[in-house]
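Going by the order they are written in, the chains are A, B, C and D; count residues from 1 in each one.
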Amino acid sequence: MANLTLVQAINLALIQEMERDERVLILGEDVGLNGGVFRVTEGLHKRFGDKRVVDTPLAESGIIGTSIGLAMAGLRPIPEIQFEGFLGPAYDQICSHAARMRTRTRGAMTVPLTIRIPVGGGIHAPELHSDSPETVYIHQPGIKVIMPSSPYDAKGLLISAIRDPDPVMFFEPKRIYRAFREEVPEDEYTLPLGKARVVCEGNEMTIVSWGSSVVQCMQAIERGGRSIELIDLRTLYPFDMDAVEASVKKTGRCVIVHEAPKTCGFGAEIAARIMERCFLYLESPVQRVTGFDTIMPYYKLELDYMPDADRIARAIEETAAY
Amino acid sequence: MANLTLVQAINLALIQEMERDERVLILGEDVGLNGGVFRVTEGLHKRFGDKRVVDTPLAESGIIGTSIGLAMAGLRPIPEIQFEGFLGPAYDQICSHAARMRTRTRGAMTVPLTIRIPVGGGIHAPELHSDSPETVYIHQPGIKVIMPSSPYDAKGLLISAIRDPDPVMFFEPKRIYRAFREEVPEDEYTLPLGKARVVCEGNEMTIVSWGSSVVQCMQAIERGGRSIELIDLRTLYPFDMDAVEASVKKTGRCVIVHEAPKTCGFGAEIAARIMERCFLYLESPVQRVTGFDTIMPYYKLELDYMPDADRIARAIEETAAY
Amino acid sequence: MPIKSAFTTTIDHVSILDVNANFDEKLGAGLIPDGDLVRLYEHMCVCRHLDEVAFKLQRSGRMGTFPQNMGQEAASMGAAYALDKTDWLVPCYRENAGLFWRGLPMEMILLHWMGDERGNAIPRELYCMPLAIPIGTQLLHATGLAWAAKYRGEKRLACTFFGDGATSEGDFHEAMNFAANLDIPVIFFCQNNFWAISVPGKIQCSAPTIAQRAVAYGMDTIQCDGNDIFSVVYCVRKAAALAREKGRPFFIEAVTYRLGDHTTADDARRYRDQAEVDAWKTRDPILRIRKFLTTRGLWDDAKEAALAERAQRDVAAAVERAESIPPPDRNDFFNNMYATIPPDLALQRDTMQTHGIGQDPSQIEGAVIELPAKTSH
Amino acid sequence: MPIKSAFTTTIDHVSILDVNANFDEKLGAGLIPDGDLVRLYEHMCVCRHLDEVAFKLQRSGRMGTFPQNMGQEAASMGAAYALDKTDWLVPCYRENAGLFWRGLPMEMILLHWMGDERGNAIPRELYCMPLAIPIGTQLLHATGLAWAAKYRGEKRLACTFFGDGATSEGDFHEAMNFAANLDIPVIFFCQNNFWAISVPGKIQCSAPTIAQRAVAYGMDTIQCDGNDIFSVVYCVRKAAALAREKGRPFFIEAVTYRLGDHTTADDARRYRDQAEVDAWKTRDPILRIRKFLTTRGLWDDAKEAALAERAQRDVAAAVERAESIPPPDRNDFFNNMYATIPPDLALQRDTMQTHGIGQDPSQIEGAVIELPAKTSH
């Protein structure tokens, strides 16, 4: 066991998978000598060399498009997109190709690809460095989407993603890259994709969240007074609706928390599913505490945009009082 | 009044707005001499010339990116993206720039832009010519999204879109481009963005839909036996939640129908909002009849993918029986 | 010296068997053995016949949109001929000739345009990618495939095909740039047929040549008569040698012409002059090669008649195979989304429903709902 | 002739005031009047001082990430000087010098990097676009702005700035191609500073020059010493003339160097040699121009001291203005989404809630919920 930050846990997972499997390579902007702008690939270039840790031209469609070719040829590329705000130029290659190649070719061609992307706000970064676009890719069939909220989960889920035979988007909440440490086994291990984690148990209300918002939820819960079950989805597609259903059938009330804008955010899907599956158990409408339907403001106001413990606590109280 | 198809109504709206306002110009692939692959811009090149109807290079990011520049300079560009499947390369310019310019500059720069896009399945077209990506753009703050289901609405909404000071995506359901005709006033007229249309009234159940699915809903309703209120949203952002709320509070039951995949489709948002606003009025969970969480299959199977009157009728019966 | 030259370059144009069937012995001799040339000619004719048949299938409602390859057969076939059987072919949709030469069964192309994904399930050992619908995107896949070969120390290269229109897309640029700067052995093969649907070539590239696109990347580049299979073979051999020996990419502009409509959904008379088409008909690659073969005593009317008959037979058999395949299973489009279908998607498949109640009818009180079975189509 | 030349070209490199401050009278005489040159020098020094102050503001937590412009002042300032005041400047984020020359108040740049959108609310009459964060995207906006000028018959052109890294993006290609083929008067001004964060120029463009990118489009192109303001002015004048007279675009590669880190979030020692940086320090555009002015008797130590003092005063005043602006209103980020705020968004703004109950507390039975007010920050 080692006491690691999220960055360190991901770095360790990358090293172990590269040691284990010659087919794994890393590519992207500044991933080489520089070790990535967040230092997630620190030391990898030195250890594995130019061939397996590749600085590419500044072109996100190129990074993903060539990764698709690499993957179809049987390698296991791990491209990095430097910030979620720069996924845009790669959207087409992800959604028109990575997501479709298996079904388009009825399985003759597959795309075992893991795209790593720092995501979310809260670090006082410039514009387009603080967004939460996960919903777009959850909506796109053919991709798996992961967003861990802890070092332990990050390592196990990333290893599973790399070994997964299909394209996976691995969002890394940059706000908690170094926010805390956790005991992480030094050996390699995998965590199943599509399984949620019950962070804490309770029977008065369920909270569903993912990514760095999970930390905000914990803070709200720690204010005390209520027995709350917190579910960290971890994998956003396929998502663990069974865990949510079981919890809400027990508690009868639910609050969903995410950073992305409200309208058509993933929270809407969870809420709609809860209604479909738990209609007769619900004692109050499912509430969503989310980013607003605005552009994430520049950083002077970013904390007003992001759901925080105050807003979550308020939603809990309101939901309980309904 | 003239009896027009959807294509003709849109064509007429374009002509009238170009006659009225020198600042309006059309650009895109094959929009000139060829009149567009669906002939929506037929005759415009002849009438308005090279300067105002411009065939561009084959580059969707270029089409939208230059349109943003044209719009910021005070013109009213109407770019066409040939099929919704080719929006991908333009995603970044739409979401990172068109949607953000006003708020990024606190109003100093604005992007009065109307993007026209044929959308949806049912015409036996090749791959990536039959998708329904509207949710992605509803989720993106800063854009208005329209999808008409009739010639009359199309003309009035398109004229409103062109005159709107903000970026609008105008999705044209290609399956009904020529499927039927409707009386359309020859004079120009506008319809308010953000207002739904009650297609038919009823008090047993509400159906919410948009685009060519509205026609499938009508067919299901016409099978008779129930008093159903059909709401065509027409504008998907901002959307007319008041109309939906009023109807569901009256009927207590609701089915939502759309072609896009279920997970994180716009139906989820409507369902979640209904729960938020009508919780105590609901007699059964809101149901969604949608495309599946798969890639739209090639055309041999496309009708298995798309919600049709049978599937809608079944959902109506099930919802009523709940 | 306040103004000095920072860069100079020049680009070659290659033509071996010219429009008048004049043959340049110096470059052309031995390039293609007689027997191969006859086989290439035969394949081109079969491919041309498929175009005609496909057109009729579409018009009679037995197939969806189809893009004819007519007039461009020499380009992709010459390339496929000059490459190794294990080099990747990464096509757009106007390379039927080359794909058939490689061994792709004709019915797979038909199936694709009949709206059936099974037309894309290409056996791995053919090293062919399926047709690419979104313009320009496949160039990056080719670059990745070739990169993988380099990564593994294989001598395999990738050759990707695209039109003049594709050179306007951002992905074209990114693929060229990746290949040039990271030393990836890709051949970028542009079929410049002067039109992208109705948009003329000058709107895509107003420079004197498309070949000079490659200058931007410091990439070797050449222009050739794409209706002359000898020129094509000459250039692709040169490109392949560079790719295999130096691991470097190469750009080829093959000048050709689309003799038919863009696709069966198009009517080219709306936007281009018949005179232009007629002029290009005299440069038809099939006519040219036939004349050459005849002059050399390698071809005659009897052989032509026999070939016509064989073409009819082969194409008819391919159509028969494409049409007699059982309809696809509805489950197919669920089952191929992931290696292992997620439970929620399996539920959608098994119930053919997305609505919560339909997926779990136990929620409904009272009788099971009976509805007319799904209308068959 | 089986092999003939299809295309030849050559690209010029311009240098007027060279590294050793040798001045080419033939090209340089009269290019910049003495008085202007002094003013340009002063502006460059103020801009350089802002870099230093901004660095300290960031380090002391008074500002977020900031990209220094150090070493590249001559490039954007020379361009802004050579253009009309009503030509569009469409920058990336390393053109402070040019923007200040145009008249952009320094505090707007500071506000931008202090995380405040009001730094982008640039008065229309300055014809400056705000800084562009996503690399390469602004080139298309510039093309559209220039297209609009052409559409209206104005003589206005657009000049857009970007780095070597930006030339790898698809949007770069699409913008160049649109401008070349549709005859749009844009000047594409590349500041080749040899690095894109840690990635060396050869990974972005392995060709001998970046200037040759333009050959792909048949666009006029030139390379110049970007640390020599005379060369820059010479090239931009040439480009502007072509744009205004023929409506044609022009590409300029200005060779320069980023003397500082990529941004305050970067540590360039991780990836580049100090020797390289030291070599470029001797080519600093500010040193060069100062030497020139001094030789010509236009500058002396007293003036330098006075300038240093003025720079300190001006920058301090700008910082003061940037820091004393009242905090932005939370409503701002709602109110600027659309010309008219949609009702649902107004509700989100007015309640600062997204959860349905919080937006409509009447749904809750019992007392109003009291919570600690939002933690201020």
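Methods note: contacts are C-beta pairs under 8 Å (C-beta built on N, C-alpha and C of every residue); 3 or more make two chains touch, one makes a residue touch a chain.
Note that this is a predicted model, so its numbers are computed, not measured.
Colleague: By CA centroid distance, what chain is farthest from chain C?
Modeller: When every chain centre is compared against chain C, the largest gap points to D.
Colleague: Just the number, please: Cα centre separation of chain A and chain B in whole Å.
Modeller: Inter-chain centre distance comes to 30 Å.
Colleague: Averaging over Cα atoms per chain, report the distance between chain B and chain D in Å.
Modeller: 38
Colleague: For chain A, which residues are shared contacts with two or more other chains?
Modeller: 56-57, 59, 61-62, 85, 88-89, 92-93, 96, 103-104, 127-128, 141-142, 237, 263, 275-276, 279, 284-285, 287-288, 292-295, 297
Colleague: If I count partner chains per residue in chain D, which residues reach a count of at least 2?
Modeller: In chain D, residues 117, 134, 168-171, 173-174, 177, 181-182, 203-204, 332-333, 337, 344-345, 355-357, 363 touch at least two other chains, as defined above.
Colleague: Classify the chain contact graph as line, ring, star, complete or other.
Modeller: Shape = complete; every chain linked to every other.
Colleague: In the complex formed with chain D, which residues of chain B make contact?
Modeller: Against chain D, the touching part of chain B is residues 25, 51, 54, 56-57, 59, 61-62, 64-75, 77, 89, 92-93, 96-97, 102-110, 141-142, 144, 164-166, 194, 237-239, 241, 273, 275-277, 279.
Colleague: Would you tell me which residues of chain A are touching chain D in their complex?
Modeller: 29-30, 32-35, 37, 55-59, 61-62, 85-86, 88-89, 124-129, 255, 262-263, 284-285, 287-295, 297-305, 308, 310-311, 313-315, 317-319, 321-322
Colleague: Okay, in this complex, where on chain D does chain C touch?
Modeller: 2-16, 24, 26-28, 168-174, 177, 180-182, 202-209, 211-218, 223
Colleague: Provide the residue numbers of chain B that touch chain A in the complex, in ascending order.
Modeller: 61, 85, 88-89, 91-93, 95-96, 99-100, 103-104, 127-128, 135-136, 138-142, 237, 260-261, 263-269, 271-272, 275-276, 279, 282, 284-288, 292-295, 297
Colleague: If you look only at chain C, which of its residues touch chain B in the complex?
Modeller: Chain C residues touching chain B: 64-65, 112-117, 133-136, 165-166, 168-171, 196-199, 203-204, 265-266, 270-271, 327-328, 330, 332-334, 337, 344-345, 348-349, 352-358, 361, 363-367, 369, 371-372, 374-375, 377.
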